[in-house]
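Which chain is which? They are A, B and C, in the order written, and residues in each are numbered from 1.
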């Protein structure tokens, strides 16, 4: 089951760039939350702060509190533990090029020390079914490399890989921006399915996508969160002028 | 915890490269102490005059006279000859490969030059002893003597075909690939806009190569040449097999000589006493420092060009 | 005016032609010796190779027959020692340069030192190994005080480190960052991610890099002259002088006997086949990219 995320006074820097400034919000459990805004507004940095991927860059720095469920991720845990609870899907599909489809999905478990064949088989199948890829690949799970799939399939493979570790939260950083419309709609359907089991945070600069999949939407601008509300409210009756300008296409 | 440990292990491996350089230097310094105390700096440029023959006596293990002068001379002469022959060919090859070569030939030719670089020194030596030296002895040397004998650089008193010149030829063949491949690297780093600019002015292909490619890449080319020099200075086996191994200083390029590396190869295992071995170690130390400096200089020049924008020192 | 310009344009065309001709000529002059060496080597080597070469040890000077079996085994022993030293340290150093030290001053200094160490003449490595292992009676290292296979292996191993280190780094840098991020995002500890994902992804390239270093030292003679020394008899002990293929080629090449010259050619052919195979493999793998199937 998913858990809620509480963000309090989050600030982040890249070198001397203050990329996130005083972010405060509550992301509800078992819903999809969309983050929109023009490119460079800090929305990607924000999700990378939720699983401490931000700090893999040596010039990056973070302050503030992020609570996932009841775990303060910057105080109580190591990055490795957090990333097992918070899965992530990246902008461009990035399957491990030298591994088969099966090994790609099982990689997170194997690397964390799971060896039981039967359990692995079961989880791989379940994850691929959850990511709606099972029917397309079940015959050559171990024959084909992850890199031999099409772009959309690769992205669903990456989702399966993230799901296999059984996270509570799934972060998606513009998961469909590199895909064609058909693959995009498959991913969106998938997000709908997955909401019941996971808390989903999705970064997108496609506003229709946000409107289609998310219950809540946050609008980022220049490193600040301008507005955070139900998706319906944001797209029909935003309370901030800048949000209105953005969704009506005056800039961005 | 495991992460930190792993990182430290990797750092340790990396640091061992420093440690090796320091270890080599300290062992060589320790080993050459005896000779250094005895001869000091004179070792590299002075020699004892034999009281009987009135000729310089450079290298006399029996009486304990040691001077590295003939070896320094032999190293410089053979390396210089090698560069003289290799550089024009290497640059020509690089120009051909980057600017003129039909794409079909580029792969195989690059592969062939790579192969030249991978052939062991001892096999070059073997080939030189049985093919190159007879060729020089029968055809090339007589011609050189006839044409240039009057300069005094090509004396006719060594019928063996061995000597500085043979060493220079084999060195040229051996250092060609490294000079050529690095030259190619710096030439490829010249942006295409530079070439187009020259061609748009109505330049011929050669003018374009000269104005935009060679001028922009020249610092890197100098680096490549210096790197080739570094190889030539330390090259051992092939040179030892064809230079004739005679510890003297001769004006004639066709005379037998010795280099710093080849005297070590010939005498180290059977050095007659501690002073002899220490003198040989000191030659090794000198070779170590010279090649380190030469290589460092060359790398800096090549880096300056291939990293970032082409050098703009006009 | 007009005719002057015509002449000038003529000169330019001629210069262009001449330059092209010179470039082609130098290419021919570079390729010619290689072809000459190879043709001669194959011709002489193949006609001298026989089963004896691989199964017998050298006959005493002047007697005909014999082979280089002990030198082949000796080379294998020396290369095993050198690989045991050079490959792990080299790969470790390469991992540091590509994964941990990227952009730091320390990494730049190490990269530079490795390149410079690569240019130190092999004969100097021999002198250093002699001073370190052969000459001292007591030391922290084993097998000291006399010529030994161990000392030769150490000299060769040190020579492998810079090559292995730099190719490992280059291959790891070719692994896209997305692959590292994907591993880290799964909650994999960094060391596992580096070893099981990044290094594994680049492993075809790293292995061929090791083979390249291996092929280079396989042909080295100078550092063995006064460390491994050579041996006319069977020996596989690390504690004793040992024969090596390139050493034996050298000794036979400068000997006065025709029979030994033939063995030298045969040895050279065996050595070069090994090396050419390694270089060709490296070229094949690197041209195909380290990532099979990755777009």
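Quick note on the criterion: a contact is a pair of C-beta atoms (placed from the backbone, for glycine too) under 8 Å apart; a residue touches a chain by one contact, two chains touch by 3 or more.
These numbers were taken from a predicted model, which means no experiment stands behind them.
*Asks:* Determine the set of chains touching chain B that also touch chain C.
*Replies:* For chain B paired with chain C, there are no chains in contact with each.
*Asks:* Counting only C-beta pairs in contact, which chains form the busiest pair?
*Replies:* B-C
*Asks:* Distance between chain B and chain C based on Cα centroids, please, to the nearest Å.
*Replies:* Centres of chain B and chain C (C-alpha means) sit 18 Å apart.
*Asks:* When the C-alpha atoms of chain A and chain B are each averaged to a single point, how far apart are the two points in Å?
*Replies:* 57
*Asks:* Please compute the C-alpha centroid of chain A, do the same for chain C, then give the distance between them in whole Å.
*Replies:* Distance between chain centres: 47 Å.
*Asks:* Out of chain A, which residues touch more than one other chain, so two or more?
*Replies:* Not one residue in chain A touches at least two other chains.
*Asks:* Can you list the residues of chain C that touch 2 or more other chains?
*Replies:* Where chain C meets two or more other chains at a single residue, that happens at 189-190.
*Asks:* Under the stated contact criterion, what part of chain A meets chain C in this complex?
*Replies:* Contact set of chain A toward chain C: 51, 53, 56, 58, 79-85, 87-88, 90, 92, 94-98, 107-108, 111-112, 145, 147-148, 158, 161-162, 165.
*Asks:* Once bound in the complex, which stretches of chain C touch chain A?
*Replies:* Contacts found on chain C: 103, 176, 178-190, 192-193, 196-197, 200-201, 203, 291-295.
*Asks:* For the complex, give me every residue of chain B touching chain C.
*Replies:* 2-3, 5-7, 9-18, 20-21, 23-24, 27-28, 30-31, 88-93, 95-97, 99-100, 109, 111-116, 118-127, 129-131, 173, 176, 180, 204-207, 209, 227, 230-231, 233-237, 241, 261, 264-265, 268-269, 280-281, 284, 287-288, 291-292, 294-296, 298-299
*Asks:* Please give the residue numbers of chain C that touch chain B in the complex, ascending.
*Replies:* Against chain B, chain C makes touches at 12-13, 15-16, 18-20, 22-27, 29-31, 33-34, 36-37, 40-41, 44, 88-93, 95-97, 99-101, 106-107, 109-110, 112-128, 130-132, 135, 147, 158, 161-162, 165, 189-191, 194-195, 215-216, 218-222, 225-226, 229, 246, 249-250, 253-254, 261, 264-265, 268, 271-272, 275-276, 278-280, 283.
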